[in-house]
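Labels for the chains are A, B and C, by order of writing; each one numbers its residues from 1.
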Amino acid sequence: MTLPSSVVGDLGVLGVAFLPLAAINWHSVMFLLFAAVACLAAVAVVAADNVVRMALYLVVSLAATAGLFFLAGAEFVGAMQLMIYVGGTLVLLVFGVMLTAQAPFVAIKSEGGDRVVAGIVGAALLAALVLAGLSVPAWRQPASMHAPPPAATPLGMALVGVRVDAAEGPGVIGPRVGYLLPFEIVSVHLLVVLVGAAYLARAKRRKVPRPIDQVASVEPPASVAAHASIGRGERAGSVLTGGSA
Amino acid sequence: MVEYLTHTLGLSGTLAWTIAAVVAAVLVLNVIAGGALVFIWAERKVAARIQDRLGPTRTGGRFGWLQSLADGIKLLAKEDLMPDGADGLLFKIAPYVSFCASFCAFIALPFAFDVVGLRLNVAVFFVVAVLGLEVFGVIIAGYASASKWSLFGAMREAAQVVSYEVPLGMCVVVPVMLAGSMDMVTIAEKQAGWFWNWYLFHDPFTFVVFWVYVTCAVASVNRAPFDLAEAESELVAGFHTEYSGLRWSFFFMAEYGSMFLVSGMAAVLFLGGWNGPIPIATLLGWSEGTGESAHYLVRLVGLANLIGKATLGVLFMMWIRWTLPRLRIDQVMTTCLKYCTPIAAVMFAGAMLWQVLLPGGLMPGVGRPGGEVREGWLEGPGGRAVQAPAPPAVAEIRP
Amino acid sequence: MTSLSMNPVLGFLIDAPVSVAHYLVVGAILFTAGVACMATKRNALGVLMGIELVLNGANVNFVAFASTYLAGEGGRPLGLDGQVFAVFVILLAAAEAAVALAITLNFYNNHATVDVDRADDLKG
């Protein structure tokens, strides 16, 4: 399976022509890419006024962070971030955005003074955090790039209370404890939250009309202005069943 | 491939790695795009046969097999319209979000033993997670179109996909539990041999779980009878009402890509992956060590097996689409929360009990790969055995 | 192409391996953006998004300190503990988002707005 030497020579020339390509540390490049996307999207969340766009930028930021987790060898956390954060929490959030996306609330402008103060305080906070992060020499050591151990199974074992990861790895610190109790607490917590959220969000029967009904009856959302006359007024049924149309 | 490039061609490691990455990406892209072309044609033919029609017959000679290419050219030439009140940025990127999610999930799907974009240790989890991102494209599209129909379609889609992720996750966990790994390559390897080694036939519980998985998979890729997001009888065309031309076709490709993906995942998790029903390679005496040509031939047979199984899955989805009527949205939710989730939960517990009580199966003679201590990490660094965490009772009952 | 590798800044960025500090900077930016978002947004859901960003920034730090891959020679990675913490943070963020969203929707139902500046019923 050897190619003729002329072909190899051509490819060699190609390799020389793209010599910088061969010298690139792809891990760093991917890190830069994901980090830039995550940070720019995070800043865009702050800068945007339209709440739907904010949600989109947040999705991009969190997904790029998941990419950073993959690059750091934390595959399970990265997949978890994609599944629960991006696929679950944010869908929920977007759902909320759409339920409340009446025209006056889509873009509530922040006050100018608030922005200036937030900018100053934020810059100070950022400077402090970055200086703190760069102050420890050990954290500035370039990555040793030892292949990360398969993290999912030991992580699962740790969550049920058994530690099987390399207990005496080079310089590993930290307690050798399992996480069964926190795991159980989180499970019960999630159950309580589920019940509580369902209770809070349940449909209530009320005798006096809600303020929302009055607002909606005088002010149709601009985005559906063309169809405003259809089914307006009764508001029976949920948005999922197509309203009362 | 990286080894081939570095050793045979004498390229540097990084360059070889880059070339291999590009080749892999292009191959996956071709699977989606080419697959979509074939499946769209197949869908027309299947639909036609079920409805006692002929379907496309003319384009490209017999069977109209060039029909989707002609459609593609038509879509390319179509004017790309955007409604007046639409949110321009969101409207434009929505199809690409959908398509990228569908495309990214293929990274971790193994097509044959070595033929996998990236062998991830949490592949199953990754695929389910990334597949869930596709819904974002739909939601954004629905919102940005500034149309009632689109918004309703998007809201339905959001509710449906988030709900169906719960039973889907539970179904997927069952093969993961049986194999003791979330690595899809490992899961498929555990099912090597005759077809009764497939997890579908592992025990009665997994058999039921497979059908629950099929239901949830159909729902999570928005195919009829669960295609409420684009229910044309009530919502015009749902979330893509306002789309036309190339952007619309991106949604379409994403849909067919996802169909192929969930079918491929079903094949890996329950139907033995690239292991055929009959272990032809083993019977003929080919294995990893018998030489280079046999080595590649085994891969090729595996590839054909997996693609064949996934294609059968897609055809199955087409069959149900043209056979069953569409559900109402409340029926969709009932199916998920009152039927699929409890059934999946009970079957999960049942499969777990079966695995503990009857690890060898009912017929210990047939040589199912039982519950050996499975993963390399148990042996610690340097071959020194770390004490196994679970009592290895399972290992002793092994036939 | 050659100029790319000659450029000291860009050359350093693409040649040098990343370190924990790189991740800390990313985490700091996400955290600060989140805090600014919480402080300036008047839409309740915008505030919620700020909280998610803050938690996410913290998670980046947890994962960076946990990573055996990123730790330099003589570094002391947290190992699994950092990852377990990150997982817990993600789970609790999901729970927090669900409750906060329920509260927001309730508020919206009762007051017909999601502007947090108008949630001043308890003001003396």
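By definition in this document, contacts are C-beta pairs under 8 Å (C-beta built on N, C-alpha and C of every residue); 3 or more make two chains touch, one makes a residue touch a chain.
From a predicted model like this one, the values you see are computed outputs, not experimental measurements.
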item: Identity of the chain that, by mean CA position, is farthest from subunit A; value: B
item: Chain pair, most C-beta pairs within the contact cut-off; value: A-C
item: Euclidean distance of C-alpha centroids - subunit A vs subunit B, Å; value: 24
item: For subunit A paired with subunit C, centre-to-centre distance based on mean C-alpha positions, whole Å; value: 8
item: Centroid spacing, where centroids are CA-atom means, of subunit B and subunit C in whole angstrom; value: 31
item: Residue list for subunit A, restricted to those that touch at least two other chains; value: 18, 21, 23-25, 76, 80, 88, 90, 92, 95, 149, 151, 154, 166, 169
item: Residue numbers of subunit C (touch at least two other chains); value: none
item: Multi-chain contact residues (two or more partners), subunit B; value: none
item: Subunit B-facing residues of subunit A, complex; value: 1-3, 8, 11-12, 15, 18, 21-26, 50, 52-53, 56, 59, 63, 75-76, 79-80, 82-83, 86-88, 90-92, 94-95, 98, 101, 149-154, 157, 162, 164, 166, 169, 222-224, 226-227, 230, 239-243
item: Residue numbers on subunit C that touch subunit A, as the complex places them; value: 1-2, 4-5, 13-37, 39-43, 45-46, 48-50, 52-53, 56, 59-60, 63-64, 66-81, 83-84, 86-88, 90-95, 97-99, 101-106, 108-115
item: Subunit B - residues contacting subunit A, complex; value: 4, 8-12, 14-15, 17-18, 85, 87, 89-90, 120-122, 125-126, 128-130, 132-133, 135-136, 139-140, 143, 146-148, 151-152, 154-156, 158-159, 161-162, 165, 181-182, 234-235, 329-330, 375-378, 380-381, 386, 389
item: Residue ranges of subunit A in contact with subunit C within the complex; value: 17-21, 23-25, 27-29, 31-32, 35, 38-39, 42-43, 45-46, 51, 54-55, 58, 61-62, 65, 68-69, 72-74, 76-77, 80-81, 84-85, 88-90, 92-93, 95-97, 99-100, 104-105, 108-111, 114-115, 117-119, 121-122, 125-126, 129-130, 133-134, 136, 138-149, 151, 154-155, 158-159, 163, 165-166, 169, 171-175, 179, 182, 186, 189-190, 193-194, 196-198, 200-201, 210-212, 214-215
